[in-house]
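Chain naming follows the written order as A, B and C, and within any one chain the residues start at number 1.
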Amino acid sequence: MNLAAQPLHLHPDRLLPAEASQRDIARRLYAQVAALPIISPHGHTDPSWFAGNAPFANATELLLVPDHYVFRMLYSQGVDLDRLGIPRADGSRAAVDPRSAWRVFAEHFHLFRGTPSSMWLNHVFHEVFGLRVRLDATTADYYYDRITAALETPAYRPRALFERFGIEVIATTESPLDPLEHHAAIRDSGWTGRVITAYRPDAVIDPEHEQFRDALHQFGELTGENVFGWEGYLRAHRQRRAFFASRGATSTDHGHPSAATANLSDDEARKLFSLVVAGRADAAQAELFRAQMLTEMAKMSLDDGLVMQLHPGCFRNHNQALFARYGRDKGADIPVRTEYVRALKPLLDRCGNDPRFQLILFTLDESNYARELAPLAGHYPSLLLGPAWWFHDAPEGMWRFREQTLSSGGFYNTVGFNDDTRAFLSIPARHDVARRVDCAFLAKLVAEHRMDEDEAMEVATDLAYRLPKQAYRL
Amino acid sequence: MNLAAQPLHLHPDRLLPAEASQRDIARRLYAQVAALPIISPHGHTDPSWFAGNAPFANATELLLVPDHYVFRMLYSQGVDLDRLGIPRADGSRAAVDPRSAWRVFAEHFHLFRGTPSSMWLNHVFHEVFGLRVRLDATTADYYYDRITAALETPAYRPRALFERFGIEVIATTESPLDPLEHHAAIRDSGWTGRVITAYRPDAVIDPEHEQFRDALHQFGELTGENVFGWEGYLRAHRQRRAFFASRGATSTDHGHPSAATANLSDDEARKLFSLVVAGRADAAQAELFRAQMLTEMAKMSLDDGLVMQLHPGCFRNHNQALFARYGRDKGADIPVRTEYVRALKPLLDRCGNDPRFQLILFTLDESNYARELAPLAGHYPSLLLGPAWWFHDAPEGMWRFREQTLSSGGFYNTVGFNDDTRAFLSIPARHDVARRVDCAFLAKLVAEHRMDEDEAMEVATDLAYRLPKQAYRL
Amino acid sequence: MNLAAQPLHLHPDRLLPAEASQRDIARRLYAQVAALPIISPHGHTDPSWFAGNAPFANATELLLVPDHYVFRMLYSQGVDLDRLGIPRADGSRAAVDPRSAWRVFAEHFHLFRGTPSSMWLNHVFHEVFGLRVRLDATTADYYYDRITAALETPAYRPRALFERFGIEVIATTESPLDPLEHHAAIRDSGWTGRVITAYRPDAVIDPEHEQFRDALHQFGELTGENVFGWEGYLRAHRQRRAFFASRGATSTDHGHPSAATANLSDDEARKLFSLVVAGRADAAQAELFRAQMLTEMAKMSLDDGLVMQLHPGCFRNHNQALFARYGRDKGADIPVRTEYVRALKPLLDRCGNDPRFQLILFTLDESNYARELAPLAGHYPSLLLGPAWWFHDAPEGMWRFREQTLSSGGFYNTVGFNDDTRAFLSIPARHDVARRVDCAFLAKLVAEHRMDEDEAMEVATDLAYRLPKQAYRL
C-alpha cells in the first residue's frame, strides 16, 4: 500500500449535528439504538447466498458489479461499462480483469464525495474489512488484495456476515414464478437466520413487461390454474401468495409506473383481462389493468394478511442504447412526477378503512411528501409511509422525508427504514445512516424544546426497531 | 392525578435556534413581538360564542370534537370516530361519555409527538389551564376534571378568553346566506371586542357544491334579486358584500378546487350562467363558472375594496365511506398539485395592475412557493402571499415558506400569519409559534450577516402586526 | 450625507454558518477560493462596454434601469415604472430625472431585505464604491452623487472594472444575426480581457417569437443561404455557429418554453419546416419544431464541439398590459412546472451517450432537482447540471440545489456558477455569494464527518474554478 495515502476515518459522531447541544442529545439517542438488531423488511439480496453459503468471489464482483448506484456515477463521467466488466444483456461480458475494473473504480472514487455511496462504501471498507486508508488510485491494489483475501475466510461467508451484522430478519423479493427453493433450503439447513421472501408479481401483472407472455404461461403451469381466464388467474395469485406466506413472506411488492388504481366491476375486469391475454390491450388498457390488479391484490390482502407495498413513479430503462446492450437495472431508471390523491382513491374507497388492510406507500417524487402522502397517511387507517427511497435515501433525502411528513403524518404513520439493496455488505451501513439521521432529527426537536428527551428516546427506538416489525407484521 | 407522570414544560426558548449566537438574536427579536396584539384576519371561530358568551361544555367538546387536525391522526391509527363522539352526517352521535372519549385521546397522545397539534395543545394545557404534567393515559382524568372545572368559571367564558389572549381583531367566515345576527349582537352588546365577518360565497358559486341549488334559492329570497338571471345574481352578490362590509368584513374568501380564473365576455358569462342555473353545466363548465366568478369577485373588489383571498388546491371529502357517515370537514381533505401561472392570468390581465385590488394567494402545494407564487407576488402590485396554510403551518412548513418565498417575494409581499382555526383556545399558541419561527428565521439572517439586527427587529414587528393589518385593510 | 444613517457592513463571515465549528471550516475553505479568477461562462453583459470602454452614465442608468430583479420588486409594491425611468416598448421614456428615480429606489430599499438583490447591491456599494452607510431615503442623494462621480473616473471604466474584478473570461450572449463587431473590436484593440460570445438562436428557431419572420429573412441575407428550405436553414446555422466559434464562442444557449425535444426523420422535419416558414404551424407544431431544433443543435455540437445549454420553463411576458407598454424583460417572466425525463428522451437517444456531446441543463422548477435532473445527470455522460438559476440564485436556492442534487449527481456532474446577469458591477458579488454558499455547504459535510477537509478544499476549488472551465471547454 501507499504510505502517503490519506487515512480513512469513520468518526463516531458522523451525521450527528455539529452544534454541541444538539450533538450531545443525538449521541445519547444514538447510543440507545446503534446496536439494535437490523430489521430489513424490503430488499434484493440473493437467497442463494444464505442457502449455499459459498464465499464471495472478489472485491469487484462483490462491491462494484452488482451496485448500479456506483457504476451509474462512473458511467456519467465517461467510464465505459465494459471497462468495469458489467454483464451485457446477451450474457456476454467484456474480457476485463476484475483487478483492472477495481482500479478504474478507485481512480474515480472522488466522484462519490458527499454521496451516500461514499458513506456506505467507506463504512464497509472500515468496519467490515478493517481498512484504514482512503481508496484512491494509489491504494487500489492494496484494497483489492485485502478485500479479496478476506472473502476467502470463513468470517466473510454470507451466513457469518449475516450474524455479524445483527440481522434479525431480512426479506428478499421474488417473482411468483420462483420456486423459493433457496428459502426452503435455508429453512431445512437448520441455520437460524431468518430469511423470508416477498411476493413481487410485476412480471405476471404488467402487460407491458417484456416477459409478460412467457411469465403468464409459466404461471399457469406452476399453479395448474387456467390463468388465461380471469377467475383462474386470480386463483393462481391466491395460491402463490399462500405459498409465499408459507415461506415466510409477510408482504407483497408492486413496482408500477404510476400509482393508478381502479375498482372495476367483475364484468369489466373480466373483459379487460381478456384483452390483455389476447395481447390486444393498448397502453391505456395496460395501465388500467395494472390499476385494477392493485385493487385485486389489496382485496387478497384482506384475506391473507400480506402487507402491500407500492413503489411507483420510475421511468425504467430510459437509455435506449444502454438497455439494448446491457439490459435492465443498469442505472438508467429515472424518477418521474407522480400523483397519489386521485390515483389511489378507487383502491382506498374499496379497502382503505378496513383494519385488516395495510398499504405502505413509497415515492420517488418528494413533492408529494407534504402535499399528498403525509395527509393521506395521516388520515387513512390502512396507509403507512415507506421511508425515503432509492434516489432519496441519502441523509439529505431522509431529512426531507422527516421534515415534510412529520406535520401531517407524525412519526407513527411511518415504518422505519428499508435498505432495499442488493449490496449485502452495505446493509449495516445503510441502517446506521438511517438511525443517525433520525437521531439527529429528533435531537433538533429536543434541542428546540418541541419534545422531551425521554419521548425522543422512545421514538428513536420505535423508528429503528418496533415500527418496521409492526408495519410488516414480522 | 398520577404523581409519577412526566412534567409538562413550556420552555421559553422553544422553537428558537439551539445554536447560541442565533438563539441570542432570536430571543431579542422575539421579546419585542411576543406580546403584540393578535391580528387574526382569517379563521373559523363561531361568532355565537362571543355573542352569547356562554361557557364551553367540557374538555372533549372544546378541544377534541371540533379539531379535525386531532381526530384525523387518531383515525389514521385505527381509532373509530364513534369512540370520540364525533357527530355523524345525520346529526346523530354515538352514545359516548365525553370523559371516555378524552381517555382515548389521552392514550394516543404520543402519536402527536413533533406535530403542531402537540405544540398547540401543550401550550393550551400549560398556559390556558395551568397544567404541569404531560397528558397520557395516567393523567387523562386529572386533565378532564381540571379543564372541565375551569370552563365553568367566568375567566374561561369566550369574551374573557378573547381579552386575555390579547386579540385586537378576529375575522370569522360566513356564507352570503348568513344573517350575521351574532355579529350584530356583539356590536349591540357594548362589548368592545372586534369580531368581524368575511364573505365566503362558495356555496352560491360552486355548481358542484351539494347545497348549491338550495343556497341559490335562499340567496334570491334574502336579497330580493332574481338570482337566476346573470345580472340579478351579480347584484345579489354586490348587495351581500355591502351588507358584510357593514358588519365589519374587509375581505372575501374563496375555497376553490383549483386556481383557475376566466375573463369571459358578458354574453359568454350570461350563457354559461344559464346552463349553471338550469343544472346542465358539466364538470368543465362548472370549473369555468367558478373561474369566471373569481374574476367577477375581483371586479367587485375594485369597487367595494374588499380584499380577496384564494385558497385553492384541496380534494375535499376524499374518503367516500367516512363522508357518507360523518359528512364534511372530518379530516379527509387532501391537498393536490396546483397551478397558478396560467390559471391566474385572465384575472390578472383584468385587475392585476389596479391599485385598488388586493388578492392574497394561499397554496397547499409548496412546490409553487419558489417557482410560481413568489415570482408572481414579486411582480404584480395586486398580489400578496398568504402564510403557510393548513397542512403546512407547522414550524417546518413556515420555515419552508420563508426560505422559498424570500428570494423573489421578499418579506413585504407576505401578509403575516393566519391561524385559520376553529380551535379558539389554540389561537395564541398558533400566533406564538408563527412569531417564534419568523424570529428564528430572521435570527439566522442576522447571524449570517445578511441583515442588521435593527432591520430584523422592524421586519419581525411588521410580520407579527403591521403587515396583516395593512394587507387586510384592518 | 445623513450622519445619523446606519453604517453599512460587509462582514467577512457573511453567509458562512453561524455555528463555530462549521464556520471555522468554512472560513478555511473560503480563504482558498475567495480570490480565484472569475469564470463567467453565461451572462448578458453588453460587449460594446468593453469595445468602447466609455464611462457609465450615472447610478440610476447603471444600477437600477437595467436590473429587472430590482424594479420588479418596486413594481410589486406599487411603484410605477415611469417613476423609475424604465424605457417603454416604443422607445419613449417618461421625463424623469435620474436622481429622482434613484430617490424612489432608496426609499423602498427596505423591500429587498433578505433578498439576493440586497446582498449584491450592498456588496457593490461597499466594495466597488466604498460606501459605508446604508442606502435609505436620507442617504439617497449622497449615494447618487458618490456613485455618479466615481463613474466619471478612469478606474470605473468597463475595462478597468473587468480587470479589478479578476475576470478571467466572460461570455456574452448574442443572436445569430449579430455581426459580433464589438467582439471583433475587443480582439483588435489589443486589450487582453477575454470576452467571448455564445450562440443564442431563439429568434430564428422559435416560430412563436414576435421577431421570427424578420429574423429569418435577415438570417438568409446574412448567410447567403436559402433559409426557407430545410437544408439551407441548417447550413445557415452551421455557418453562423462556426463564425461565433471564431469569435471565441464555446457554447450555444436555448431558452425554450419547455424541455421538449424530438428526433424526426429528415422527411418529417422538412415537412414541418415548410409549415413553419409558411406561417402555418399551430402551437403544437411550433413546439415540435423547437423540439426538433434542439436535437439539430445537439447534432451540430457533435461536429463543432460547442457546448449546449438549455434554459427551459419560463412563461415570458405574463403581464399583458405591462408588456404592451414596456415590452420584454421587465420582470414579468414567471417560472412554470417543467418536465425533463420524457421531454429529453429523443435528444438523449440520439446523442446522449456520445462523448463529444455536452448538454448543460438548467431549471426554474426546483422540484426536478432530486427527482429528474440529478438522476439524469448522474447517469448520462453527456449531461451536466447548470447552477441554481435566476429566481433560484439566492443563498437558499443555491443550498437547495446542492442538497437536492448531491445524492444522485454528486459535485462532479455540476458546472460551478453562472452569474447570468446584465448587472456588470454585481458579477463579483454574485460569484462571491456562490463561493461562500458552496463553502458553507461543504463545511457542513466536513463538520458532520462525511468528507475530510482536504477533500472539501479540492471540491471548493473545483466548483469555483476548474469545473466551469472544463464544462464550458474554456
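The definition used in the following text is that a residue touches a chain if its C-beta (ideal position, glycine included) is under 8 Å from a C-beta of that chain, and two chains touch if they have at least 3 such contacts.
Composition by chain, UniProt nomenclature: A, B, C = Uronate isomerase.
Remember, predicted model here, so these are calculated numbers, not experimental data.
> List the interface residue numbers of chain A and of chain C, divide the shared ones by all numbers used, and answer same when the ratio is over half, different when under half.
Counting which numbers both chains contribute, under half are shared, so the two copies meet through different residues.
> Mind checking the rotation angle between the two copies, chain A and chain B? C-alpha superposition, nearest 5 degrees is fine.
Between chain A and chain B, the superposition angle is 120 degrees.
> Nearest whole angstrom, what separates the Cα centre of chain A from the Cα centre of chain C?
40
> Can you list the chain A residues in contact with two or more other chains?
19, 367
> For the complex, which residues does chain C have touching chain A?
19, 21-22, 339, 341-342, 345, 348-349, 352-353, 355, 367, 370-372, 374-381, 383, 403-404, 406-413, 444-445, 447-452, 454-455, 458-459
> For the complex, give me every residue of chain C touching chain B.
For chain C paired with chain B, touching residues are 6, 9, 11, 13-19, 72-73, 75-78, 110-116, 118-119, 134, 315, 318-322, 331-337, 364-367, 391-397.
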